[in-house]
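This structure is in structure tokens; I'll ask about it shortly.
Think of it as A, B and C in the order they're written, each chain with its own count starting at 1.
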Amino acid sequence: MSRPHSFPTSSAVSRRRFIGIGGALAAGGLLAACGGEEPVTGGGGDAAPASTLGTTSGASGSIRILDDNTNPVFLNGVVEAFQNDTGITVEYEQANFNDLHDRLATLFSAQDSSYDVVMTWAAWSAEFGQAGWLQALGSDAVPTDLLPAALDAVSWNGTVYGLPKFASAQTMFYNKELFRQAGLDPEAPPATWDEFVAAAKALTTGDRYGFTCDMGNTDGAYQNFVRTLLLNGGQMYGDDNTVTFNDERGVEALTKLRDLLTVDKVMNPSSLQITNASDLGTLFGAGQTGIVFNWPSQWAAATKEGAVVGRENTGNAIIPGISVTTASIDGSEGFAINQFSQNKPAALAWLQYVTQRPVQTRIVEEEGWFPVTTTLLDDAAITETLPVVSTYKEQSDFEIRRYGSPWYSDVTQVLSTNISRAMLEQATPQEALDEAAARATDIVERYTG
Amino acid sequence: MTEPQTEPQTEPKTLPRPTGATPSTTRAPRGLSWKARRRGFTVLHRFLLVVAMIFFVAPFLWMLLYSLLPAELLQRRDPDLDLTRITFSEYGDLLTDSSFLKPMGTSALVALLTTLICLALGSFAAYGIARFRFRGRQPLLLAMMATQAIPVIVLAVPLFIIIRGMGLFDTPWALVIVYTATILPLVIWMMVGFFEAIPASLEKAARIDGCNRWQMLLRIAFPLAATGLAATGIFAFITAWSDFFLAKILTASGSTTLPVRTASFQGLFAMDYTAAATAGVITSLPVLVLTLAAQKWIVRGLTEGAVKG
Amino acid sequence: MSIPTTAPTAPEGSRESRADRRRRGTDSRTRGDRRFTLALVAPAVLVVAALFAYPIGYAVWLSTHQWNDKISPRHPYIGVRNYTTLFESGEFWDAMGRTAFFSVITVIGGVALALGLAILLNQDFKGRTLARVLLLVPWAVPPVVNGIMWRLIFDGDNGIANTILRNLGIIDENVQWLADPDTAMNVLIFAEMWKLLPFLTLLLMASLQNIPRNLYRAAGVDGANAWKRFLHITLPGVKGALMFALIVQSMWSIKVFDTIYVLTGGSGGPAGGTTTINFLGYLTTFSNLDRGYGAAIAVVIMVLVILTTLFWILLLGRPAGGPSRWRRKPGATADVTPSLKEPGRDELAQPAGVAGESQ
């Protein structure tokens, strides 16, 4: 197995997980989930080599897919192409991302087999995987050149529960025109946190704030904190899932995040009520803020027709670090196979089909997400159509995490509530994080104890 | 539904509508002329009325405006209400988009069927409860009320299992069944009042004239409760049409309803405010038109039945 | 009956009809009536029972089990441990506090405001029909749309609420309404009030129209001032409707969900500031997949709603929806008379008592 060397650096994936995956692979290649049945690849020759189209040997019949509504390409040709290439009939459905979790939880609780393939991401892979609701994949079903962060988004605790459909991480976007107006060099974006704060100060004027983020809901508050934590070299959890986000790195990170709002006064106060990346993107695209840390779709939002900023004024770079060079938060999405599915071979064929070049190229070119394999990420043609990809390449040499886990939603709620308290100065960062850590420790213990 | 037998409209002018604050019957206090005081009341009354009406209508108008004006005029610190730039393009887009039209059809079908079934089952049951003192009558009414105490989150998974067991997942029927179960108790609750308002002597007379029980029910009681039926029906329709959570859980793309579709404009990576506002207006419109068209029935229906003092 | 309707009833006739009804009670013991009643009532009861009995039983059963799908595939019986954990949890009491705050304001405030509005709309004025039509607008707006609408209005950057308040000089800087737990709760209450007031107002207005006008005339002649008339004629006259309004609104307020979901992006935030008890139950069941614990919360909500309903019934007597439904002593018309101590009591009491009996 060549998987381990495909991780660029050990820092990109936590040691715990790195060892977990490597160890499990070494142990026999088949990764049985807790509560999982036999892995897909166990029976029949349905797992075709990842490099070719037409993984149809043994896979036939029909499948039903439940996806979120992030990727129009599936409806615009990919599903049709898959049917033509494989002979598998597909019923493809999209649902709003925000509604999907509840619907999946209901389906799974009832052990429903209506859908063979469901959309997943870091949080759900762990949550639903641990619950035994997602089919674990054998190692030969998984392409060997997957980006670690993308693989991370479909794995938990050494078990791979799905395959990614696109990779995504936040990078820094800045408005070059506003940089010029503020006397900053548009070609020299801030590279350290202090430079970032200085730039944001220069960009803050009477009717505009230099920096805006989206902390308005649970995931938003969580990911803004985790990103800052990683930028300061901190970790959410230590060995054995001990909670470490309230150590001095964590407290310093939260202090710096809060200071943007309360001391430096460079953070748009509406950051605390913006609940999605799109609103952030709109704000940036309208020239109402100078710097955002946002998902790759920001590029399309800022450069689309009618946007104030435009392509030539949209700067993109890695996120400036506090005590490390840079770090980011992962937002990759993928597909997983319903444990109760009646047609797993065909479901696997879909999962693999999506990771391959033709589909990936369309997702990158038409929608602005990152490809899921290192091979495609290194492809010059792709970088050309989407300049953000080169930033992502740079960014992906460093830590990109989301800390998906079965207790993700529990801890995220607790943590984001306390982060909000700190941001609103109802508690000091230390108090807020200590409170969150105490609660989080209880939660993790319930899961692991 | 039976044609309500309304007589020529007598309201509002001819209706007596005195209240505790009726100025006309106020006696002149010392030092202030009766006229001046009455005038003061009128001014205050009109002022409060206007404030209240603005409060009720302005938010909806703002959403309407949002659906008609380009987002860049409104997405700013001080919105630019350039009415010359009003466009119906978003309406055009949504009303030609099959992924929006289909939920519209589903919602209409589901709400209509639910209303009809609730009225049919509910009015029979309510009549029985209103007219006959049987053992368990009061516990039954209490149980009906108690169903409303149950949070819908607890119903979701068991209902899903029932619906799937019936093979109805992701069909409009799933929602019709579930809504009927949740709305029926309130319908019965309201209808009992309407039937109790009908004097029993009428039925007695009818019975003497040779009507059997069913004829009496269909020819006397139902027509007399027609406005009540209409009011209750609209209540049921609105409730079924507006539901969000159960529709979200119990349907997939095959039978998504309009509120679920409308909420989906607020996504993880996309919040299209113009589309959301437009969808919001479209979702509200049928109910609004229906309610407005039937507002006389609603008020009279409520008057005659459920809320007798 | 003071308004012309198709039902030819008259106040004088109503006493007879009550007596009729009681007599009919005896009639219903005939076999034919019993069968007829059964045929009428059974289908509806069966439908409701079939779809409620199982979920309720399931919820109660679930609440006595440790059932977290993410933690263990085993679901042992744990008795009341979910409940004891719940009652020891700060989160639960926080949510209860928020629910109490939200419910007290929306129920008491909502019904009081609705009564005021109903009186306002019940006067003679030009455009009364129009006003009543406009009043129906919020009722017709589905909760999901309601949430979207108020998000547009209370947006921190581009919301019209900020623009208006700034131009009025009430605020200098934009307020981030949905970023602070307290203001977010207030926005939520505001949004809910907008939605719930029309229905309550309609209910109460309908009831107001049933109060015979001559009561007020008599009171006017006797020199009762506006407040006294309100206290002794209006309030008793709408008591049944008030009761119904209080009960129904209490249920809806305790179970508020859709507006929170849309308004806060499904989070119950900021900082948990809009996480009421029902929303906590939702988060527990669907986000944390802790279904045993979530069921315990749901059962607590059920009990809470039932207790609240009983509270109103015990406090105010019988609800509307039919005379004598919950009357403890048959014939005791606790509607108007007891509280009247003013001059003119005799004139007032007599017709009011009749009004209470009439439709």
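Couple of notes before you dig in:
Simple rule for what comes next: contacts are C-beta pairs under 8 Å (C-beta built on N, C-alpha and C of every residue); 3 or more make two chains touch, one makes a residue touch a chain.
According to UniProt, the chain labels map to these proteins: A = Extracellular solute-binding protein; B = Carbohydrate ABC transporter permease; C = Sugar ABC transporter permease.
Keep in mind that this is a model prediction, so the values were computed, not measured.
Considering the contact criterion stated above, the chains in touch with chain A and with chain C alike are B.
Here the chain pair with the top count of touching C-beta pairs is B-C.
Separating the centre of chain A from that of chain B, both taken as means of CA atoms, is a distance of 43 Å.
Per-chain Cα centroids separate chain B from chain C by 15 Å.
Chain C has residues 157, 174, 265, 286, 291 in contact with two or more other chains. Residues of chain B in contact with two or more other chains: 75-77, 156-157, 260, 263, 266. Counting partners per residue, chain A has 98, 102, 106, 109, 276, 288 as the residues that reach two or more other chains.
Across the complex, chain A meets chain B through its residues 66, 68-70, 93-99, 102-103, 106-107, 109-110, 112, 114, 207, 276-279, 282, 286, 288, 295, 297, 306. Residue ranges of chain B in contact with chain A, taken from their complex: 72, 75-77, 156-157, 160-161, 164, 169-170, 248-249, 252-254, 260, 263-264, 266-271. Contact residues on chain A toward chain C in their complex (touch as defined above): 35, 98, 101-102, 105-106, 108-109, 127, 130-133, 216-219, 221, 268-276, 283, 288, 406-407, 409-410, 413, 416-418, 420-421, 424, 426, 446-447. Within the complex, the chain C residues that touch chain A are 68-71, 73, 155-157, 174, 176-181, 264-267, 269-272, 283, 286-289, 291.
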